[in-house]
Structures are given as structure tokens and as C-alpha cells.
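Quick one: the structure is below, and I'll ask about it shortly.
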Amino acid sequence: MKSIFGGVEEDFAHSRATWYAVMKEVAAKEGFEVKGEAKWLLNDTNFTNQAREARRAAADIMVISAHPFTTCGMLKEMARQGVAPKLLVGLTSSSSLETLQGCAKEAEAIIIPTSFAPVTPEAQAAADNAAKFNGSLDLHSAAAYENVMILKQVIESEGIMAKPDTLQDDRNKIRAGLAKLQQTTGLLGVTKRTPDREAIKPFLFVHAKAGKWEVLHNPLN
Amino acid sequence: MLDVQDIVTSYGKIEALKGVTLNAAEGRITCLLGPNGAGKTTLMYSVAGVLKPRRGTIKLAGDDITGQSPAAIVARGLALVPENRLVFPQMSVAENLDAGAYQRRDSAEVAVDIERMYTRFPRLKERRAQLAGTLSGGEQQMLAVARALMSRPRILLMDEPSLGLAPLIVEEIFRIVGELNKDGVTIFLVEQNVHMALKVAHHFYLMEQGRVTFSGEPGKLAEDEVIQRAYLGTSREKR
Amino acid sequence: MDFYLGLLQIMGVHTLLGLSAYVVLQTGQVSLAQAGFMAIGAYVAAMLTVLAGWPLIAALVVASLVAGITACLVGFPALRVHGLMLVVATIAFTEIVRLFFFNFDYQISRGNLQVGPLGGEGFRQIRYFPENGWTTLHVAVFIWTVVALVMAALWWMDRSRAGAVLRAVGEDEIAAQSCGINLTAVKVSAMTAGGAIAGIAGGLYAHYTTHIEQSNFTILLATFAIAYPILGGLSSVFGTVAAVIFIQGFLVEGLRFLGDWRNLLFGALIVLVMNIRPSGLLDARTMASLRRLFGRKEG
Amino acid sequence: MLLVDLAQSILDGVLFGATYALIGIGFTLVFGVMHKINMAYAAASVGGAYAALRLITLIGGPAWASLLIAAAVGGLFGLFIYWLCFRFIPLSNPLATLMSTVGMFLLAEEIIVHTTDGMPQNYPVVVGGILHLGEFMIRGDLVFVFACAILAMLILLYLLYRTKLGTATRAVSQQPIAAQLVGIRINQVNALTFVVTGMLGGFAGALIGSAVGLLSPLLVVPLTIKGLIVTVIGGLGSIPGAIIAGLLVGMAENVFQYFRGVTERDIYVMLLLFIFLVFRPGGIFSTTVKRD
């Protein structure tokens, strides 16, 4: 596999950054031939031009950096036009149930790097819990879950009183407690922090298989 | 035929009719005269059901129709030719007549009636395919009358049929009113053209500021006096 | 406390937005261009303080002028059409403005930071308030001072000949014209005033949120702009304020405890209000009885 | 190659415009009859499609059946909207019904989000297939949408000009007082208009869902805007106008996208619309400008 082509949701900063600032640059550095990108907007419904650009590019790898709604729209149009790259890669936030609800058939075999899949006992338990209340645990809600758990840990370790007269004190304690954290335990394992407080989370690769997300590669193991 | 008892109709807080009582006898032509703003059109709309009176009763051939919907009142045999004619401008003459027979289910008879209308109003026949909005005022008036007749009313209400028409056409309209009446249609007419109205009417009423102020046969008052009373505001002087 | 001050800021800016639509609605025109004027005000004011280092008030005045002039220029062609066509023409305008800023890059270096609008990424770092030591309270008071000034101006205008002229055009254009009123001049003036007010709203908005982007200024925002005066009633400026309190205070914040259901109620309550008070929460009759209540004569 | 791409792009745009045409017909009909804007129309249409999709996955059945279910549900929604947003509000106050339908729009959109967690839903293909004409590709489903728009137009024109209901509908729209005086029940006729346009809307919503391949709350706002644009470009109340306008807008989108890219596409579409409105306010089929 030598060449790569992108598909970007132009009016969403996250989608743009992932393609232009990360994938496109790294791909070029790693010796792939970058064949450009097709662009669309967040709530577009017509992808005829874009799919044709992808067909003309005829790249081995197609990267779609977009939300599930347009990811699905683009995939469906690609299917109509018979565009079939050897490898299909999606944006991390599309590794959710939404994509499968929208276009399980067309998304079959798409590979997405993600920060969550129920692969550890803790993660499985959390996912089961969410399912009990008609929820689905994906990378967004899992991150929220982890954040709440971090807060819980800090509250317990710092002895937060939660009385009206300790309010200011409690706030300071939580702030200090959070600042102290060097690493936390998430659903997939340990999350480390860089000196400027960016999180380095464990991640894995999932792919869509028969309407479900399946772990394709787990760098943790 | 039509029996109006003490009706009051208001727009918001303003009473346009302050207790009007009058009567249109079967087979006759009854005429209501009065100046602008006296409440004549309000009365017509109240009788036809477009406006709902606050008080009083309206009876049609003995049946109480007060507050009924216009559709129900048309079904009972009352049709109103409204002020300013109000034809359906984007429909052809033929379609306007069809619309007039909206409640009727006897389509064969309706077709016969449409032909009758064309005989009575030859101008309409000439212009049957033309859009009503493009007709002249007189033609529109004839169309409005024909449209009202399509429901086969027992009583026909006409609100200022001569409004804005040339004298010759006014003559024509009143000739038709007379003919219709001879064919057995009871007619209740609102007019400002006192001369023409008194010529055809069997009975007339004077109305001022929401009240009936006079009732009688033509000839009971001289035409001048009617005009004096109706349009020069005698009641205002009395006050 | 900060939460309520923040809410006050939002309500202040939305009141201004609603008032900008109120002026135009007085002439019987439904304009969905107010979000576009607000966007212009927001970007102009923020560029002046962030890129040119202007003081806020000067920036607001210029933002208001630019938005007002734009409204005037757009008003001439747009107000040739009425009703639904004006609605759609002004939708087009708001979208054009939004998409213009979507494609608009103008960044300069300040220290080690790139500042200025950057297309789809928006315009970050509008830090006039924190840099000049304004607290949330200062900002809230400042916003409401502006609101009070604009309301006073409109209230005075409503009672003057100008207000009567606007209403005359709103009620019956043909009659107004036959009284010698120049329809185009009246409508374009109202549009200009509305644009200027929306421009101020935008300028204030940009500075209290510190980050603006094209997706803030959508048709939905324009719809809210006309929703305030229509829901509140067009008989006085107080209707708009009442509607902002009803929507932002009651529907958005007050019903938060309902969770997900709040959003459902939101639309349903608007439908309900229009059914029971088709002329708005504070319609002419309510305003009259309120005036009597406060012992003032009908004016 | 370039010319072929441009031609294909225009073709795709025109075909996709059929979806705009279909939604535009309903907007224009309500406007033509009641002289009122129903802002909730597209939202209710998409809602009808959602309900149909739910039902069809629940009880099973062929994909085309969802179109019929959507039409039935859409008709019901139309009646609801009439009762909640028009029936008891004085029609002399255009702002009040504008606002009540905006409220209904927000409500409908929120119900959709509420029941589906805002997730896009796969919509099955009703009519599939691609026609290959030499170098060109034509989407079968969009041809079907176009055919449906034409069929809907013919049915509506038949209803309007050849039936008693149609006569009544036109009578009410042209002269409501006279309509009452000939015995037409205005409320009944208006309610029926909403049912008929609602059915068309549900059908259109399902068909658009099928053409896009997805249902999502994200469809609602763009469809509403497209519906309004198509109504005014086509000439208020003109059904053939709405169809032509829909195809034109679809084409304009793709052409501008081809030449100016996706981020500038809509600027030019909107600019064109603005110019069109100001200099030809009567729409393509310029008739007398009606009151609103």
C-alpha cells in the first residue's frame, strides 16, 4: 500500500485537524503518496463530486475524517460509484454505535483508532452497566466515565466535606488533588500525563465487522 | 321568511349592531337603507353566519339559525351576495358557478342550473372560460348573483348590488332582482341607491348607527324624506 | 453567583438581538438577517480590540456603525420584497455572512500567539475583559447599561412621531403611503437601526464568550431574534425583555431540572403561548392594564 | 475529462435537486392555499420518515412499504400541526402562526433527537441501481424521486383542478369570505390541505431518507431552508415552479462546488438566490404577487 487519499469535514475543527495536521503530515513523512483530499460540510447529503474525486485518486488507503452522518453518506456514495480502497480508515469519534446504526454494511472493515472498546473486565462491566440503562458506552461516554471516576478518586483521597462552609476549601482541595495526579487508572489501563498536563491514553484499533466493532489490534498486549 | 329579533353584534368592544329587529316576508322584496357605517353589512354577515351575534335570535322560515355556521345556513336555503361581489378572481366564470353549487350533490341538475344562469345572464356565457378577476364590475356583480343562485336559495340577501356600477348596469341589476322575485325568490336587499330601491321594494327599513329607525311601505314617506332621514342624519339633530 | 451573572450577560445580549428585530418588525417586515448583522458586529468589534488594540467602547461604536451601514445597503434591495420572500432573502443574507466568515482568515502574530479569525476554526483569544481586569459583575453591569440605553432610545422612539410612522407602515403600507410616508425610507431606516443594534449585540457577545465562530450565527439564532419580540408582543420594548426572560431564564435555565424533557417542552411551550396569546405575552391590552396598575395615564 | 466531470456534476446536481423539489411542493402548496408559512413542514416530514422506519423494522416488510407508512403518518402529523399551530390562532396575524410553527419545528426536531439519541439511522434502499450512459452515471433512486415529484404534481393538480375538494381549496385561498358564503367549511378545507400536504411530506421525507441513505436530525434545518428557497424561486404557490426550482438549486450547488469548492459553494447559491429574489420577486413563473 503506497498511496493515501483523505475525506474531510471542512467545517469542523476536530475533523480538519485530524486529517491536515496529523494524518496527512505523518503519511507523507512515512513515505506514502498523499493524493489529496475531498472536502464536504457537516450536514451535507450529496457526495457525488467527492466520491468521484476519490475514484479518480484511486488511492490504496482512504481516510475519512468526519462525523458518522457524513461518513455514512460518503461511504454510501462510494459504494454506489464502486470506489473500493484497499484500506478504509475512520475518525476516532466515529468508532461509535452511530456509524453502525447509520451504515453497517458500507462501513464494513473500516479501521478506526480509538481510546475505548470493552476489552478489559473493567471496561466490559462499565459497558454492561450503561447498556442496562439503554445507553451505549463509546469513546465519548467512556471518557466522561473516566473523568467522573478521577473526580471520585480525588474527592475520596482529599477528604472533601461538601458542607456549605467548606465550599471554598473543597474547591481548593480538588484543584490541588487534580494537580497532584501523575497518572490515573482508566477503563483500558493507565493514563499517563505529560508535564504540561496532556493525557496520554492507551488506545487500540477497532474495525467494523458484521455490524459490530471488533478489536483488530491492541498495542496494550 | 327571515325573522331577526333584537340582535347585537360587536367587534371587540365596539357594538356595530345595537339590537336590530326586522323581518323579510316570504315572496317579497325587503329593502334596508342607511348611510355608511350604519351596520348594514354587519347585519348581512350576522344573518349569513359569517359573524356571530352576541345576543338576539335569527329565524329562517321559523327555524332558529342564530350562531350556525355559514355552511349550515346555506344548506337551509339562504344565500348572500356580498358587498363588493367577492368573486373568486383566479377561477373561471364556470368554476365560480360550480363553486356556488358546492353543497349540492346532484351534478346533473347543477349542469342544468348553470345553463339557466347563462340564459339569464348571457354576458356570463360569453365569458364562461375567462378568469373572474378580469371581468368588469357589472359582470362580476352578475356572476356574484348567479353564483349565489346556484345554491337554489329560498331567500337571497344582496349587499349593495349597485355599488360602483354605471347607471345602465344598475337598471339591469334591478330588473333581474324583480325577475328573480317574480320567480318566487324572497329578496332582502341592502342599498344606498334609494331611488332604485324604493322602486322595487315592497317594504323598507331605515337603519342608523346600529339601530332600525323606521319601517314601512314605499310611498309612506316621500323619497326626499327617506334620503333626508337616511343620509343627512336626522337622529343626530334630535340628540 | 457567577452563574447568574453569566446568565444575565446572555440575557442582555439576547435582549439586544431581540430589540434589533423588534424595530424591523414594527414596520411589518420579518427579517432573519439579524444573525448576520450580529456576526458582522462580533467580528468587527473583536478584530478592533484584539488586532488593533482599540478600547472596547470605540470598537463597539464602529462595529455598530459597520453593521448598521451593511443593513442599510442590504435593506434597499431586500425590502423591495415582502412576506415570505423577504424571510428567504434575509435567510440568504445571514447565510452569506456566516459563510463569509467561514472562509475568512486574517491572523497576525502577537507575542508567540497567532490571533485573529481563522476560517472554520473561528476567532479565539478575544481576551479584552480578562486582560483589562473586568470581573463578571463588571461585564454584566456594562451589558445591561447598554441594554438600558438602547431600550430607552427605542421606548422614546415608540412614543414619538417616528414610532407612529413605523407602526403606520407596519399596519397598512398603502394607507401609510397615501399619507405621504416614504415607505422605502422608513423601512430602510428601521433596518439600519436594527442592524446597528444587532452589531452592538454581536460586539458584546464576542467579548464575553472570548471565542466566536461562524456556527454561532446561524438561521436558528436569527429565528430566536424574531421569536423574542413576537413572543413578547410588539406593543412595547418590554415585551421583548419579557420573552427573553421567558425563554432564556425560564425555558432554558429554569427548566433545567427536567433534563432531557426540557428541550421537548421548549417547543411545546412556544406553540402553547402562541395559541393562548397570539399577540404576544405583553400584548397591547396587557400593557394598558399594566400602565393603569402603575397609575400612569394612557400615553 | 474535465468537461465530462462538469457534465456529470451538473447531472448529479439536477438529479439530487429532485429531493428539494419534492419537499418544496408541500411548502408551496400550504403557502398557496393558506398564504401562511409552515416552518414545521420539513421537520414533520422527516418525523414521518422516522416513524415509518421504526415501524418497518419492527414489523418487517419491504422497503417500499415504508413510503406508504410514512405518507400515512405524515398525514396525521399534518393534521396535528393544523390543530396546534393554525386552528385556534387568528389567521389575520401572520406572525403568530409563523412563530407557532417555529415552536412546532423545535418540538418535532427534539422528539426525533429524543427517541433516537440523535443517532443517524440507516434507511434501506427503496429503488436502487445505477444507469450507465457511456461515460455518465445516473442514480436510479434519484430518477425515481424525480418521477415521484412529477407524479405528485400531477396528482395535486388533478386534485386542485378536477375535484370538488380542489375547487373548495382554491376558493378558500382566493376569497375566504365568499368561500364561506357558498357553504364551504374553511376549517375543514384547511385541515384537509394539511393532511394532503402532510402525506406528501411524509412520503417525501421517506424518499429523501432513502436517497441520502440515512435519517438524522441534521436533515431538518437544511431541508427547511431548501423548501423555503424552492417555494420562492418557483413562484409562491406554483407546483411546477417548485419542481423546476428544486432541480435548479441542486444544479447550482454542484456547479458552484465544482468551480469554487465546498466551503464557498453556498455563498454563491445564496447570492444567486438573493439576486433572483430581488430582481424577479415573482419567481420563475411570475404571476401576480400574492399577499402573504
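Read from first to last, the chains carry the letters A, B, C and D; within each, the first residue is number 1.
Note that in this section a contact is a pair of C-beta atoms (placed from the backbone, for glycine too) under 8 Å apart; a residue touches a chain by one contact, two chains touch by 3 or more.
Keep in mind the model is a prediction, meaning the values are calculated, not measured.
Engineer: Could you run down the chains that neighbour chain A and chain C together?
Structural biologist: Joint contacts, listed by label: D.
Engineer: For chain B and chain C, which third chains touch each of them?
Structural biologist: D
Engineer: From the centre of chain D, which chain's CA centre is farthest?
Structural biologist: Of all the other chains, the one whose centre lies farthest from chain D is B.
Engineer: Using mean Cα positions, find the chain sitting nearest the overall protein centre.
Structural biologist: D
Engineer: Quick one: report the Å distance separating chain A from chain B, using the average Cα coordinate of each chain.
Structural biologist: Using C-alpha averages as centres, the distance is 76 Å.
Engineer: Where the centres are mean C-alpha positions, what is the separation of chain B from chain D, in Å?
Structural biologist: Comparing mean C-alpha positions, chain D is 43 Å from chain B.
Engineer: What whole-Å value do you get for the distance between chain A and chain D if each is reduced to the mean of its CA atoms?
Structural biologist: Taking the mean C-alpha position of each chain, the two centres sit 36 Å apart.
Engineer: Take the average of all CA coordinates in chain C, do the same for chain D, and state the distance between these two points in whole angstrom.
Structural biologist: 30
Engineer: Among the residues of chain C, pick out those that touch two or more other chains and give their numbers.
Structural biologist: Chain C, residues with two or more chain partners: 102, 120.
Engineer: Can you list the chain D residues in contact with two or more other chains?
Structural biologist: If we look for residues of chain D contacting two or more partner chains, we find 221, 263.
Engineer: Note the residues in chain B that touch 2 or more other chains, in rising order.
Structural biologist: none
Engineer: Could you please write down every pair of chains that are in touch?
Structural biologist: A-C, A-D, B-D, C-D
Engineer: Can you check the complex and tell me which residues of chain D touch chain A?
Structural biologist: Going by the criterion above, the answer is residues 5, 8-9, 12-13, 16, 19, 119-122, 130, 137, 139, 212-214, 216, 218-219, 221-222, 250, 253-254, 257-258, 261-263.
Engineer: In their shared complex, at which residues does chain C touch chain A?
Structural biologist: So the residues of chain C in touch with chain A come to 102, 120-122, 214-215.
Engineer: Taking the complex as given, what residues does chain C use to touch chain D?
Structural biologist: The contact residues of chain C facing chain D are 25, 30, 77-78, 80-85, 87-89, 91-93, 95-96, 99-100, 102-103, 119-120, 218-220, 223, 226-227, 230-231, 234, 260, 263-264, 266-271, 273-275, 278-279.
Engineer: Which positions of chain B touch chain D when the two form their complex?
Structural biologist: 48-50, 69-71, 74-75, 79-80, 82, 86-91, 95, 98-100, 102-103, 147-148, 150-151
Engineer: Any idea which chain A residues touch chain D in the complex?
Structural biologist: It comes out as residues 10-11, 39-46, 48-49, 52, 68-69, 72-73, 76, 80-81, 97-98, 101-105.
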